[in-house]
Amino acid sequence: MIFIASLVLASMAVFWVLAVLPGDPAQRILGTQATPESIAKLQHELGIDRPLTTQYLDWVSGAASGDLGTSYVTRDEITPQIRQRLKVTVPLALAGITLAAAVAIPAGVFAASRHRQVGDTAVSILSQLGISIPAFWAGLLLTTYVAVKWGQLPAGGFPGWGKSVPDSIRSLILPAVSLAVVQGAILTRYVRSAVLAIMREDFIRTARAKGLTRRAALWRHGLRNAAIPVVTILGLQLAALLAGTVVIENVFVLPGLGRMLVQAIGNRDLLLVQSTTLVITAAILAVNLVVDLAYNLIDPRLRTR
Amino acid sequence: MSTTLAFDQEDPTDAPVTNTPHERRQIGANLIIGATIVTAIIAAALVSFVWTPFDPTNIEISDRLQGVGWEGHVLGTDHFGRDVLSQLMVGARNTLFIGILAVGIALVIGVPLGGLAAARRGWLEESVMRLSDVMYAFPAILLAILLSAARGPGTSSAMIAIGVAYIPIVARVTRGAALTVFQTDYITAAHSYGRGKTYVFVRHVVPNISSVLIVQATVLFALAILAEAALSYLGLGAQPPTPSWGRSLFEAQTFFRLRPALAFFPGLAIAISVIGINLLGDGIRDYLDPKLAEKS
Amino acid sequence: MDTAEPVLQVTDLSVSVGSTPALSNVSFIIRPGARVGLIGESGSGKTLTALSIMGLLPDGLFASGSVVHDNRELLDLTEDQLCEIRGDRITMVFQEPMTALNPVMRIGDQVAEVLRIHRSLSRAEASDRALELLAQVRLRDPLARMKAYPHQLSGGQRQRVVIAIALACDPALIIADEPTTALDVTVQAQILVLLRDLVEDHNSSLLLITHDLAVVANVCEEVLVMYGGRIIESGPTTQVFDSPHHPYTSGLLAAVPEIEPGQERRERLDTIRGSVPGLGQFPSGCVFRNRCDRATDDCLDDPNLVAIDGSEQDGATRMVACFHPIHAQSTEASPR
């Protein structure tokens, strides 16, 4: 329910931002030389001369049935384009978050278990560096030093799943690593502090009083409790990562949703911008929904209510 | 002045607001390194108004893509033959400008909003919090992209977009911190003297949550720098010829096979700034709130 | 009784926080089957004593002196060796039942876990035994509770679970740190009676830490009185409470409101002058001298805890650390 309500709210916000603020798509498409008549004609063709409420309802009801309309500029159906592009963006985002979690969770636990020792300091410094690097710069450095110098992995482009699955995977590796560097660094810090906080809890002392070593108490009692705040962060990060693909796809010239969004902005293709943003927003809200469900699995206190 | 003083003495609620006494305030390595880096960046930006090694916008095609140290170009030249170091120095202005204004927007709107939520409770608080929940999950960069799309690209779009995206974060932090302060006895006392909530908030609550807000502001500042760089990289931030670190990276991308260093220095400038501001924030937090530092 | 090896022999146990001593030369013996009360105000070092014995001091704190259990010096054991003793031979019941249990683990599993650590029981055997233990601590409907999570239980019920965990391996010694402080008054009595009965059934000894004199009077036959990180008086509970020798113990007893029926209400409760100093702010010499009416220049020296002649009862000796004890017959404390 909240998911649907948020989605409707988000669709209104997206529509409102693009509709209310100045900038006429017809004018943009035809250029400054266009006559008022030709602009009016195009406005009518695009349907943007209608009242905003009608436009909004039309768009939303279409979106609800899976039809996001037709691009102003290319006059192509939007839904199939987005579907095509999701095949790049979704695997990229999932690979990014998986990679980030695979590195960050062990690193964070390791740092917490060596609180204020050399290992902890090293992890903290590394994560501080990772947080400070713009993801797209990491991407540029990776293309420069790994792709171009070593020639092992492609520096950009995407062959398509239909053509070659291994090559497609190969071309997603560097983008996924660039995304994972920053998110992994952030996650490491959260995991570390979550574990540290849990290790100060009374029930960890109880566990140790039972005869568990500090490490065993951490593994058997600490991690599942620490997972509760970490899952929240993971959800926010997956959302940030979906947005991050916008930039990374442009670094690596990947035909994903993000690249389409930036191109659509460049072309003033407002309906495409609007629809792409809505899809990304829906994905983010869906992630939040999954996070809420995950809470219930991890934390029995939420189940009984 | 004298009337204010007399007034202060008569009104017991106006007694200086004291934070809990801190036993040891320590200036840590974080604070020193962070402050040094930030000072250096501010200095570079200020110096760039009166002096740069070369004219940062001077196009000299014959000198294009020269290496580090070539004929006095300490960091080489870009694809138009412009001096990279001069560009970076001027770019620092853009970075600081956007950071300050974006954080400013977020604070000016977010703090009263959070304070209102904490003071009034009820449906107002509920709606502010729900709204910020929705926006919280919504990545700042996406909002910025959307706003740039609507308003047209440019520095002001980027700035407003980043600032607006951070409002819910600031509102949230303010509310959380203000709630605990509102529940303390001296606030109740201030109310009992008939002080209005706005007065109490500005006079008593804000000074008490200032350390939290300062730390939050540094975090957002660092994030704003990263967001601005990403937007400029996408061509949605600063427009040419305004030098910007993010756009320098975008321009460098075309030539990175020829001159990888071009993509290196602007990114390094961004990373160092962000590290500096983060360290400064950590240092301030450790200094203002040693207890919090204990836990980290 | 007297010849039996003590369950725990603590000698000159000291702990410093930074450069300030938090625990100074604490010495006592717990004999098999004994129920010993450790009493004192907050900050007197009670919990620190318990954590030192368990080897669970917070990071950065170290205990010196000697803690001997079963002919082993606990302070010299490695973490792994200590883990074999913790939860098996020496166990602990904590003050806060609300937070002492893992919120995301079923009750049955939390009880069974301690059995699986120390006894090589199968999952099913451990689970059966856990069920027995939950029945022993008189948890209602134990079978259903096995599957419950801590948040589904009340504070008193949770403390019963914690007690079940502490008793699981029939330990030689149970240390209970303010086990009833966080509970409702009506529940407190039930839990205390339960603890006392079960300690007896399992042939364990009990070190009961509390600030509540009535709790000690009801449960313990011996008492140790702590002040400023030292034991200042000890002995059989009845004797210490009937005729306290240390002015602090005396003041503590006088400050208890008596509400027994038939007894005349005192108009005014006596209080001890001043308040407990913060850590590191205790005076040199006798730590109580700045609050003591009997203090003289003698008290600038540090009094030793010494036995009072002819006071032995069931092997428990009366001891006091004071140069001017109240109605003590002979002994004068000697300076350290």
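For reference, chains read A, B and C in written order, and residue numbers begin at 1 within each chain.
Criterion: a contact is a pair of C-beta atoms (placed from the backbone, for glycine too) under 8 Å apart; a residue touches a chain by one contact, two chains touch by 3 or more.
This is a predicted model, so every value here is computed, not measured.
Participant: Quick one: which chains contact chain A and chain C both?
Facilitator: Common contact partners of chain A and chain C, which must touch each of the two, are absent.
Participant: Most C-beta contact pairs, which chains?
Facilitator: A-B
Participant: Using each chain's Cα centroid, which is most distant from the centroid of chain A?
Facilitator: C
Participant: Per the centroid of Cα atoms for each chain, what is the distance between chain A and chain C, given in Å?
Facilitator: 55
Participant: From the C-alpha centre of chain A to that of chain B, how far is it in Å?
Facilitator: Computed value for the inter-centroid distance: 23 Å.
Participant: Using the average of all C-alpha atoms in each chain as its centre, how far is it in Å between chain B and chain C?
Facilitator: That pair's centroid distance is 53 Å.
Participant: Out of chain A, which residues touch more than one other chain, so two or more?
Facilitator: Where chain A is concerned, no single residue meets two or more other chains.
Participant: Enumerate the contact residues on chain A facing chain C in the complex.
Facilitator: That would be residues 115, 201-203, 205-214, 220-221, 224-225, 298-301, 304 of chain A.
Participant: Quick check: in the complex, which residue numbers of chain C touch chain A?
Facilitator: It is residues 54, 56, 59, 79-80, 83-88, 91-92, 94, 96, 99-105, 113-114, 117-118, 149, 151-152, 162, 165 of chain C that touch chain A.
Participant: In the complex, go through chain B and note every residue touching chain A.
Facilitator: Interface residues on chain B, with respect to chain A: 134, 136-139, 141-142, 145-153, 222, 226, 229-230, 233-236, 246, 249, 252-253, 256-257, 260, 263-264, 267, 270-272, 274-275, 278-279, 295-296.
Participant: Which positions of chain A touch chain B when the two form their complex?
Facilitator: Residues 6, 9-10, 14, 17-18, 20-23, 128-129, 131-137, 140-141, 143-145, 148, 193, 196-197, 235-236, 239-240, 242-244, 246-247, 250-251, 261-262, 264-266, 270, 273, 277, 280-281, 284-285, 288.
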